[in-house]
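Pasting the structures in now, so scroll down.
There are two complexes below, and they share chain A, which is joined by chain B in the first and by chain C in the second.
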Partner chain A sequence: MTQLSPHFFGSLLVPVGQTIGMACAGMLLALVIGIPLAIAVATRAPGARAIAAGLSALRAIPDLTLAILAVVLLGLGPAAGIAALAVFYTAMVGKVSAELLLAAPVPPVDALRATGSGRVGLATFGLIPAMLPDLLSFGMYAFECAMRASIIVGAVGAGGIGTELVGAINALDYARAAAIIVVLVALIAAVDTFGIAVRRYPRTGFVLLAIGVLTLWIDRPQLFALSHAFVTFAKMLPPQLSLPELGALPRLLWETAAIAVVGTALGALLGFAFGLVCARNIVPFAVVALVRRVLDTARAIPEVVWGLILVVSVGIGPLAGILALGLHSGGVLGKLYAEAFENVDRPPVLSIAATGASKLSTVGFAIVPLAWRTLGVHTLFRLEWNVRAAAVVGMIGAGGIGQALFLSQQLFFYKAMAAYVLITWAIVLAFDAFGERARAARLSAEGGRPRRRSGRTRARSRTRSSDRSLCDGSAGTGRFRERPPFEGRAAPSASARRSGARKSRRSASRSMPPNASARYPSRRRTSPVPRAP
Partner chain B sequence: MERTLTRGTALVLFGAGAVAAALPARAAASLRVGMIPDAGATQVSIDEKAPLRDYLSAKIGRPVELVIPTNYNATVEALGNGSLDFAYLGGLTYLKARQAYGVMPLVQRISDRQFHSLFITQTGSGIEKLTDLRGKRFAFGDVASTSGHLMPDYALRGAGIDPDKDMTVRYTGNHPATAKAVESGTVDAGALDESVFKALLDGGQIDKTKVRVFFTTPPFVDYVWAARKDVPAADQTALANAFLALKSPADDKILTILRGTSFVRADDAEYATLRKIALQLKLL
Partner chain C sequence: MIVLDEVVVRYPGAQRPAVDGASLLVKTGESVALVGPSGSGKTTLLRAINRLVPITSGTILVDGVAVESLQDKALRALRTRLAMIAQHHDLVDRLRVHQNVMAGALGRWSSLHALRYLAFPLRGELDEARNALARVGIAEKLRAPTSALSGGERQRVAIARALVQQPHAILADEPIASLDPELAEQIVALLTTLAKESGIALICSLHQVQFADRYFDQIVRLEGGRLERLKSSVA
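Showing the complex of A and B:
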């Protein structure tokens, strides 16, 4: 076992720099491409519907799958990581920004339109200034997600600290692997802290853009090695599987589904146990603080990194995938469940307590039943996310369709690889659609409450889905939120403002999921961003 | 005022980005040499190979950049898209790179002409021959590895065992991971590169008392240093000569990194048998 010398940590500087650079450059490209697309959608330019649909569909390809494709097309190193992140986050930035812009207050925009302002003018002077705080907050959230993604895309050869980690694990150098994991968790924490600073002083964010520009500059030869990319892409067409591969497909899909479902169940179990001992209305604060640190750590380590560790310790196969998903989901769900317990209506809890019930009975007969529905929604979201995650951890040795994808890539059977990519994509899309329906069913089952009665009702129903988080609910792990987002906001929510808007506009925006603009946590509670006048 | 300033900064930055993207790429002055990650890929393992890098750049008279991609595929694709000039490839990866991008074989260790795969198991497992592996959990290395997958697979089929049907197979990704999986008992047996196994025992990373060899494959031709086909002939010759000049014991430090004793010229004709086997097993 080699020593952990200062030189070792010195040698990590380049990979860490690459990881940060990939996240910045990927986000920069995503903003440059995504924002104009979002404006096109929001101003209903010709083809807006097609663009919106395209962005939604693109978002369903898991980031690690994109990274494998990018490594094949662009070669090793950060260029591939940048490309994969750029595609994934263009879809995310485009889709969410469009939804945010559509939620802008209507009268000023109409006034602008009346002056004969074009689409660019509408966006520059009407939509964007109105939604700037939301856009900034979302942008920073997206960046935190990109940072995590930037670490994990390294696992398939896209450069950065993820690549280092895989290398150290493959070389059986566990001391170094452990050190890299510590560096990685510190990096995630640092980015989250920086994110809070950016929300407070938005101009500091330009540091990130500068890093992005620099990284793009350094990696430009690979990024523009397009002739090779086209040649390789041609080798993927048409996607096809041989008969034995088709025969193995049901087993692969079953394995991936099992990893997702059992992993989520394990996560829910862990989350429930830890959530109970992490809710301030249940246990003393000292315990809460301690358990939160545990959950923060479990959540800060992405599934793929858990997977890499577990593949070594419990062996290659679905068990490693299940445990990886379970541990990470446990961290995420533990936090969400704890918040759900803390946010239950107080009167029923007090009345149970007033009967002289023990703490245990109060929890069992009031808090848990009251929070039950919320727990269900969180778990469903988690399951949906874990379908992606199950496909992704497969690529690092946990079995299922992800592993088949990885092996076909390794053997240069690109037609089969392309087929597996398409199948993964179809599965994720199908599950997303299924989740959307399941949630809609749950919401409409909520006692037939009129959906559009007040901004607050809507805000609250959206709160439940806010942790659907486009990366996976693990970003912004630095601190717990005091309250779910949007409930503590002084300003009326975007949707409340919109609810007084013209009918035509409402019906137009309904083609987007109504809760979309709230799917990321807002930190404005602590850090007001200067508003546009 | 504040917003104008911000917007101005943004414009400058985006402008800089656009200019950066538009400028033509400079020709790389250094030679980029890659190695398949048969024993792990990290910045650290590159640092450990620093003497090799320094030796090569001194001999060639050009700066040399050493790259270890995370997997076998990436190494070959890097030769294809020009991000590597030379690479150390396994037998099967060489065949794939030759087929896809016409790479030129340069040199190989003398041992690579008569290479062997080892089948290993736990000391007390009771597995003595290949047919004992029926129904067992078995570890191959990287799916694109010659000594970690192709040749062991061929040997198993020769003994009447179909790895797809008669065993539970895992791909560990590299040779040390296979050794570790056998040592820890995660699998009942595994197959790996003889030179890596020896290095692991010598380095103490694998416990000699826990693992034993129970089968050695017949010899086959394996690893080779190859050049991208567009690399100037002078550079190809310079790199080949640098390896051919390595002599024990003077260059032992570098030869240990390469796990070899001396180098000889390599030739595509040697790979005819391996190519036939790879095609037969549908791995090529």
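Showing the complex of A and C:
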């Protein structure tokens, strides 16, 4: 157990510091670039549509794919991680902040406009102050996501504790790897706790910015080694695959899709079983507390880290990917399903219980059917996320297109690598579009629900979907996690998109659809009637 | 037979009791209308009878058994004997009509039997559901999705579920609150007739009192938690 000596933990201080620094620096750059872009979109500056479209498109490249590109362009080390996180979170911050700003209330902004204020004035005196609580809450949420991403980008050589972990596993030093995983889970828990503190005392957030500035300063030589980056980038053009690679492509795509679908199915099964035994209205609190800790742990370990562990234990190939996605998704879905079970409408449950039904019968006849729709929505979101994750876990040896991408990088086949990046991007874009359509179709098929909601609510619902697809919905405790997702989020229709900023703002004063509270009853809803045994 | 003796129900932190010293005797096959304004304690009293709400003092006897002493299996058995029809009929929309109706049988089915029925209902079980629906006049809705039913049909399904429960008594909590007057009278007539035919005691809380005199054996008024007898079965 020499691996667990104080010296060992001391040796992890630098990688842990790098991981935190990468997240802070990446987020700092994302804020510096993303917020002005969001303001440009929200104030309808020239080219706003192009910016919005660009941000949406950029969002679809998985973080680990960006990291592998950054490692090639900037070399091994934290600078690559910072660059990957900066690009990824610029897209996220830009898009989500723009949607939040578009949802700001109209009259104060119109009053400012009437004074002849320019775009910057409108943003700094009107839009941002109006939406500051939402922006801060989202910012902290994004940081928690960035911290998780900062760990996993290390897996492809972008520095930090992720790189240490891969090193330990490659050296077959499993005791050291296990110790690093413990440190990693503790780090994620610490970030979540810090997130709560920042929400309560926003000024503590400046510490993160200071760390970001310091990290950027330390890594500036690598970050600005642009000539090397341009030369390498030129080697990727034009992206192309050889004939044997093209022949293998259908199998790779099939494998990636299978990892995503089967992994989600496994996660849904695990989530369903664990969700039932950690819903407070089904089992005693002691059991709930115990099972929730299990789910927290499964969720705290990112898919890539699960993948690293499983590649060692079950071998390289799609099975490791499926299990990795299944275990992590089981943790995420278990928590979301349990919340869905807890939030079901109580009167029908009471009426079934009043027939003298057993607990299990009540679950089967009332709680599960009542929660079914919500479970479906969560699972669909998860599938969307898992397509991304399936492409990503391949890079650590779990099969599919990610594995081909990683191999081509390792063998310096840059043209093939660029082609695989483009293919990954296309797959994720296609699945995002498919998810949007599936939700819209589901919504119109079920009928009777509003296809359009008020600007502010619409922005929030989109925010949530983006944060889910970007950070996998497993992080944090803030506002962006506490609310259940809006069921069946409608794809913004063409007319809604055309209607633009003013319409969104005009409707922002109606903050919730009239029947929203009925559909999303508060988790803390209590009945005035004391519970009988 | 249901006997209430000086029943008091006080919610934690409430200034005055929701039910304050209610006494009532309901014989087998007898129907009682419980009338009174909103918030007068009607729902609380009905929930106290099948122990969904604990009583503070007094006694409730159902078939000679004091309900406040019951736990676990005995409590489930009590609830099986007392069918509850709620104000908003409280059906599970995602289930089919026959599944909602056969939920009335859950008290006598094991958990495995119940789960098996959800996936593979047997012919005999479906026949039982069809018969119950036929008694309330909507046998053709057996396999319909519950969400597609009208307000009146939903209330009939809730009554069919109560019948499947083969109860000794039905506790109906404002079953006609959301129905138009014509439909409301149909439902009250159906409920009281079925109860009489099957020898089931019926306690039905009503907001509208216009049908009470015509259809019920006893009428009691609940106001501010206190019971007042308006029509007695003896009279």
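Everything below uses one rule, namely that the second predicted complex is superposed on the first by the 451 of 533 C-alpha atoms of A that agree within 3 Å, B and C clash if a C-alpha of one lies under 4 Å from a C-alpha of the other, contacts with A are read in each partner's own complex, and residues count from 1 in each chain.
Definition applied: a residue touches a chain if its C-beta (ideal position, glycine included) is under 8 Å from a C-beta of that chain, and two chains touch if they have at least 3 such contacts.
This is a predicted model, so every value here is computed, not measured.
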Of chain B and chain C, the chain that contacts the larger number of chain A residues: B
Partner chain in contact with A:407 - chain B first, chain C second, else both or neither: first
Which of chain B and chain C A:373 touches, first, second, both or neither: second
Which of chain B and chain C A:71 touches, first, second, both or neither: first
Which of chain B and chain C A:216 touches, first, second, both or neither: first
Partner chain(s) touched by A:207 [first = chain B, second = chain C, both, neither]: neither
First, second, both or neither for A:354, with chain B first and chain C second: second
Touched partner set for A:364, first chain B, second chain C, both or neither: second
Contact residues of chain A, present in both the chain B and the chain C interface: 530, 532
Complex contacts: residues of chain A adjacent to chain B: 2, 7-8, 11-12, 14-15, 28, 32, 71-72, 74-77, 154-157, 163-164, 166-168, 170-173, 176, 202-203, 206, 209-210, 212-213, 216-217, 220-222, 224-225, 228-229, 231-232, 312, 314-317, 397, 407, 409-412, 530, 532
Contact footprint of chain A on chain C as seen in their complex: 11-12, 44, 47, 50-54, 71-72, 75-84, 86, 88, 90-95, 99, 103-111, 114-115, 118, 158, 161, 165
Touching residues (chain side chain A, partner chain C) in the complex: 347-348, 350-362, 364-366, 369-370, 372-373, 528-530, 532-533
Residues of chain B touching chain A in the complex: 2-3, 5-6, 9-10, 13-14, 16-17, 20-21, 23, 25, 28, 37, 39-45, 47, 67-78, 80-83, 96, 100, 139, 142-144, 170-174, 176-177, 180-181, 184, 186-187, 205, 283
